[in-house]
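Order of writing sets the labels: A, B, C, D and E. Residues in every chain begin at 1.
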Amino acid sequence: MPFLQVEGLCKSFGGLKAVNNVTFDVAEGQIIGLIGPNGSGKTTTLNLLTGFLKPTAGAVTFKGENIIGRPRSQMCPKGIARTFQIVKPFLGLTALENVMVGKVYGRDSAKSLKAAAEESREALTRVGLADKARMLAKDLTLMQRKRLELARALAAKPQLLLLDELMAGLNPKEADDACALIQQIRQSKITILMVEHIVKAICALSDRIVVLNMGEKIAEGTPDEIICNPQVIDVYLGRAHA
Amino acid sequence: APAPTATPVPPTKAPEPTKAAVAPTTAAPTTAAPATTKPPEPTKAAAPPAPAYIEIGASIPLTGKFGSLGQQVRPGYAYAVKDINDAGGIYVKEYDKKIPLRLTVYDDESDPTKAVSKMETLFADNKVVAYLGGAASDMHVATTAIAEKNKVPYLGIAFALNAIHQKGYKYLFSPFPKSVQQGPDTFTILNALILDQSQRPLKVAIFQEKSDWGAEQGALWKENAVKNGYTVVVAEEYAVGTTNFVDLINKAKAAGAETLLALPNQPSGEALVKQMVELGWTPKFSLIIRAPENVTWSTNLGKNGDYVTIFPGWHNGMKFPGVDKLNAAYQAEFKRPADLLTGPSYACVQILAAAIEKAGTLDRDKIRDAIAATNMTTVIGPVTFNPDGTAKVLDPLIQWQNGKLEMVWPKDQATKPLAYPAPAFDRR
Amino acid sequence: MLEALAQNLVYGILIGALYGLAAVGLSLVFGVTKFLNVSHGELLMLGGYASFWLFALWKVDPFISLPAAIIFLLVAGVVFYKLLFGRMVKLAEGDKIQNTLLVGFGLSLILQNLALQFWTADTRSITTAYSGAVFSFAGVRFPLVRVASLVIAFVLIVALQLFLRRTYTGKALRATVENWEAATLMGIDIQRVYLLSFVMGAALAGVAGALVAVGYSIEPAMGMSWTLKSLVVMVLGGLGSITGTFVGGIILGVTESATGFFLSLTYREVVGLVLFLLVLVFRPQGLFGVKEG
Amino acid sequence: MSRTSPEQSRRIQIIFILLLIAILVALPQVIKSDSTINLAVYVLLFVSLASSWNILGGFSGQTNLGHAAFFGAGALTTRMLWLSGWNLFPSLLAGGLVAVALALLIGVPAFRLRGVYFAIGTLALSQILYITVGNMLPMISSLPAQDLAVYQLAPRYYLFLAIALFTIGAGYALINSRLGLGIMAVREEEDAAESLGVSALKHKLVALALSAFFGGLTGGAFAFYHVGYYPQLTFGPEWTFDALMMVYIGGMGTIVGPIIGAVFFVILRELLALNLAEMHLIVFGTLFILVVLFLPGGFMGVWGKISKALARQQ
Amino acid sequence: MLKIENINAFYGDLQALWGISFEVNEGELVALVGPNGAGKTTTLRVISGLLKPRAGNVRLDNRDLGKEDAHKIVELGISQVLEGGKVFTAMSVLENLELGAFVGRARKVRDETIKWVYHIFPRLEERKTQRAGTLSGGERQMLAIGRALMAKPKVLLLDEPSFGLAPILVEQMFEMITEINKQGVTVLLVEQNVRAALELTNRAYVIENGRIVGQGTGDDLLSFESIRSAYLGDCNA
């Protein structure tokens, strides 16, 4: 039984089929890349997996349990955490408090606020924000906010982590650092489904890649297979990457 | 054309009442004088030194939705106090001297909660021996209860609500016609003024405001209409503040109603008349209590405001001692004779002054008893009180005629005969 | 029966047009500037008094003096904007709403009590020679001044709509609504856009006030209830939709009026508000609003 | 300048607060002027009302323009039960609970709405109650003469003091709890909070219920205090707007803000009212605007800036 | 043509730029690169007048822009495309373009400019009546640039035009930028995609922590070891 199983997932907005009959599996401990042109339905897929949107049709099973139709606030305690393409920090709270929310409400939540604060400090250290703990999130830079969001999701002790364009807006060097961080997360047995436009990064990290175009899955395979797939080159990668 | 009127400058001590009153009398009982002024004389038990003033006070809605009523009430108090003080004050036997009145007026913004705190301040800081009332029953409800609680006699006008007098309050007195009087008066006056039975406006429409006073007055109208040979053809309720009377007017018109009885506040009152004009319904006789008490009624509505009658409790054409003087003072300040509510508020102070003089002391309970025993003639005519604090007073019927308020009842006081029947709006 | 109902509906539409007009001014200002001007009702009152005094002192017909009322409110609008509201432009949206609400509250206290000092608490209204005039159609009476008010309100709304849709300035206004920074980068002077929408809102309030003085009556304390009514209508129609707001006003007017007819005059406003809430429950963005996000 | 450790400054804070409470408790024994006590009652009333509004408006970020409905429901319930012979405390509790029931009834549909829509929706709700209560209960509610004869101010004062402390304490406990953290997370970013396991609806409902409960209690105290009023009065929009102004001017989403706001607002207005008659609202309005223009972010906002600057100097 | 001298800029108490100076000559395509939070966007905001510097000045053709409001600066010939290409979502593509020509100078030649923009971005002509809010990420980015071109700028400031775009679109985007530059518009480009940007540009400035720390031709910088390690990365983690 696969860790996460997505079957025949569909979502339409009015007449637009944003996600159309998408099927794929994720095995425990893997990193799966999700790529595709702008507007191909990647974020929508993540929203469907986390209960932010209700699918028009299809099934999602997580650890053998159907999670479609569950309130989105129940996903995290079950072990699914996510980040957002457009970061959504709690602007008026401190960095530490941001992470504490994940700690207190996530899976396996902390016993007391004090304990939560302790553990949250560790999570901040892990993403390199230890010295920013008392700063308000609104005073952080975009990159710091992205790291904060990652720390927040990690604090919830997820088994499955969904990352939506964590590296957008980073220069290649910074993206490298982010890659290292993700590798490190994988060490702690967290399964990752990541959306990214930085082809190099996603190829380096992913065990398998799923490609969407206009809501449909057009390819799935190892990074090497995907890079050479003519259809993927045509709609997504362009000549430069061929 | 109406010009913006200046607001009266009352001869009160509005600006610094608190300080002035508190300083000398903080720890002493109301009637005592500051101990420091004179060393006590141990041997002779002489009369206690007299206070400099007899403190009285009022919390009046000078702003907010009842502001227009309060603005008529305040000058009545102010002029009466001035007249009394010009004559040296009130003779108080206990001190064997005349002591002037000092009136403190606060604005309660038409908010009963603020009125309560103002009343408490008057009691605690100014140590008033009596309260004067504000205006409108919303406000009196709160303030009379405070008077009762503090055991301070309270004289208030400009509310016709009778229910408030049925609570067993001992300190509340109101020299103002109540609904129980106005209900029967409506029809007895009509019958007395229109002797030819066939001419009487027997079909009655009642537009009743959804309020305690509205219900009280409406029920009394219904009851007394039947007793006097009238039929109520329409009796409808509307919420306070309504400005759309189309359906009521259409019903009354369809039922051929000849008399309109209503008690709308503003802005309902003017909206009612404007829509009656538009829908072409002219009752032969209309008694619209409250909204037309506004001095601007006629300038606002022009000829359409004529023929409407009211029960305001007073008119500046009354032939009682003191009315001329009051009108003159009012004329000097506001460029018109005294307003409807000014007379009754002037009378309150007259009644109070007489009671203090009769009591011969500033003890509140004695003053209260003296008020209860009032039997005198004031600017509103003869006044005596019933045990429940309501009064036996005249209930004059006033009518707008040619843009002026004329008194059409009682006959011996009347300034003009009743204009009846009202001609259709489009033929004025 | 049918005639009476028709008569009822006519009055519902006529008052609804005033609700709509008052709310459009508030909505325009809120939409563009995110200023929640709770002294809107007091601006309406000022318009009413302007019209009233022109009539009372110099017998200027209220419909002829409308431009004067507009100018008076334009000037007042500029003054209030320069003195008070203009300082809020740069704040974040939440702070802007909060601070303009506070300033509006203070301003409404001041205006209401200044009006009281200048003009006393007495109600005022305008009755012209033709005030009672009506024309009848199929047994239903159409009061002339009210119909004229409706026409004026309608013309103003259409003109405003054309202005916003067709002219460059109108487009600049709509652009500023969405993103003032991007609008600035188009070369739009957003300070001027804010000022413009604020004074246009004030002027619309002024016209509404003048029409209220003719059809109903005015007094210093009237502002609050008009502000509340305008807020409800603005949301009922849907933020950002001028026509929607106006239509929302008429719907509210008709609902209130019909309630009086079918149910009871005492629950007129209650049913209107219940309808409003039902609309919100089923269309959280209002009748004509666009769903956010 | 010697720096105080966090623990030290915390101890100083606690001593200061206890001292303040002691003064407030002693007040009626020391000050014999009923007018001062009345003013204090009025201040405490608004401290409670503003603080209770702040629980929903400040901590959870939902601008509720219908708070008067809770105040009114509490007042109406308490007054009816108390005057019908119930003991005071059960009546008060019932008032608070009725307000909570009302809150839960409207909560689910109301929280479908966002921003201005929520604000005006709640305003409409309270207006519906305002008009309906006016229609259904047009009779005055004044205390019977025998109650007035034994009316005492001091117990009323202590009741208001207790409720104010209770409300403030509850607010403080809330924001320092797990629940409070969730509530503030929902305020800041609903989607993110949900993605971390915070149920936005549930947390908003908790904030609403608490806000309603204390609003209702305050209304109940008002019912016990006030000698005579129309039941409709307590549902009037002024209760909401006054409380909201106090929170805004004091500092939203803080514990101290509503307290400072209420003290400033009530005392300033009262002082002006006693000294300036009809002009007082013009002056009050002007002062109020000046404060807003020169202290954006309210008193607490300015305090935050000052303490930041001080911290940097040290 | 565009000259920036000793700019210090602040957000509240926080200093974001420390004495930045550089210049862009007529017809050039110059890139500004640097890590996140270095102050690239802030620099563009200072040039376009959205943020007023505390010290230093910005000159366009020797005219001091320090006292000018942001909207006036657009009129003088500088257009900025915001990070994330903020289009007016409630309006049609055409209306967005029309607003781009708001300033008087551009309004006169509006119809011609639209033709020119359609020539560069044929996609926009296909979508001209569509509501901008329904465009895909790449189309939005095109519209944002097209809208800025409508003002007939002398200098175009581009802030991360490739942000969040699929690789194929990134490629197209850079082609279009070169095309625009060839048509005579001076371009100042902020890009995270450092390699592509440097390959494209005449000259580039490197900014770090609010200070200019390096400059040179694109090729020079590409071959610098420090630049390679700091910005180009290899992602072979």
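One rule holds in what follows: contacts are C-beta pairs under 8 Å (C-beta built on N, C-alpha and C of every residue); 3 or more make two chains touch, one makes a residue touch a chain.
Keep in mind the model is a prediction, meaning the values are calculated, not measured.
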Neighbouring chains shared between chain A and chain C, ordered by label: D, E
Centroid comparison with chain C (C-alpha atoms), farthest chain: A
Chain pair, A-E or B-C, that carries the greater number of C-beta contacts: B-C
Centroid-based (C-alpha) most distant chain relative to chain D: E
Between chain D and chain A, distance of the C-alpha-averaged centres to the nearest whole Å: 42
For chain B paired with chain D, centre-to-centre distance based on mean C-alpha positions, whole Å: 37
Geometric centre distance via CA averages, chain E-chain B, whole Å: 75
Chain B: positions in contact with at least two other chains: 7, 63, 210, 239
Multi-partner residues of chain E (at least 2 other chains): none
Interface hub residues of chain A, defined as touching at least two other chains: none
Pairs of chains in contact (touch as defined earlier), listed by label: A-D, A-E, B-C, B-D, C-D, C-E
Residue numbers on chain C that touch chain B, as the complex places them: 4, 7-8, 11-12, 15, 56-57, 112-113, 116-127, 131-132, 134, 141, 143, 146, 215-222, 225, 256-257, 260-261, 264-269
Chain E residues touching chain A - in the complex, by the definition given at the top: 14, 33-37, 136-138, 160, 163-172, 192-195, 229-237
Chain C-facing residues of chain E, complex: 48-50, 69-72, 74-75, 79-80, 82, 86-91, 95, 98-100, 102-103, 106-107, 147-148, 151
Interfacial residue positions of chain B with respect to chain D in the complex: 7, 14-18, 22, 62-63, 105-107, 109, 111-114, 116-118, 120-121, 123-125, 137-138, 141-146, 148-149, 161, 163-164, 167-170, 210-212, 214-215, 239-240
Of all residues in chain A, those that touch chain D in their complex: 50, 52, 71-77, 81-82, 84, 88-93, 97, 100-102, 104-107, 113, 116, 149, 152-153, 156
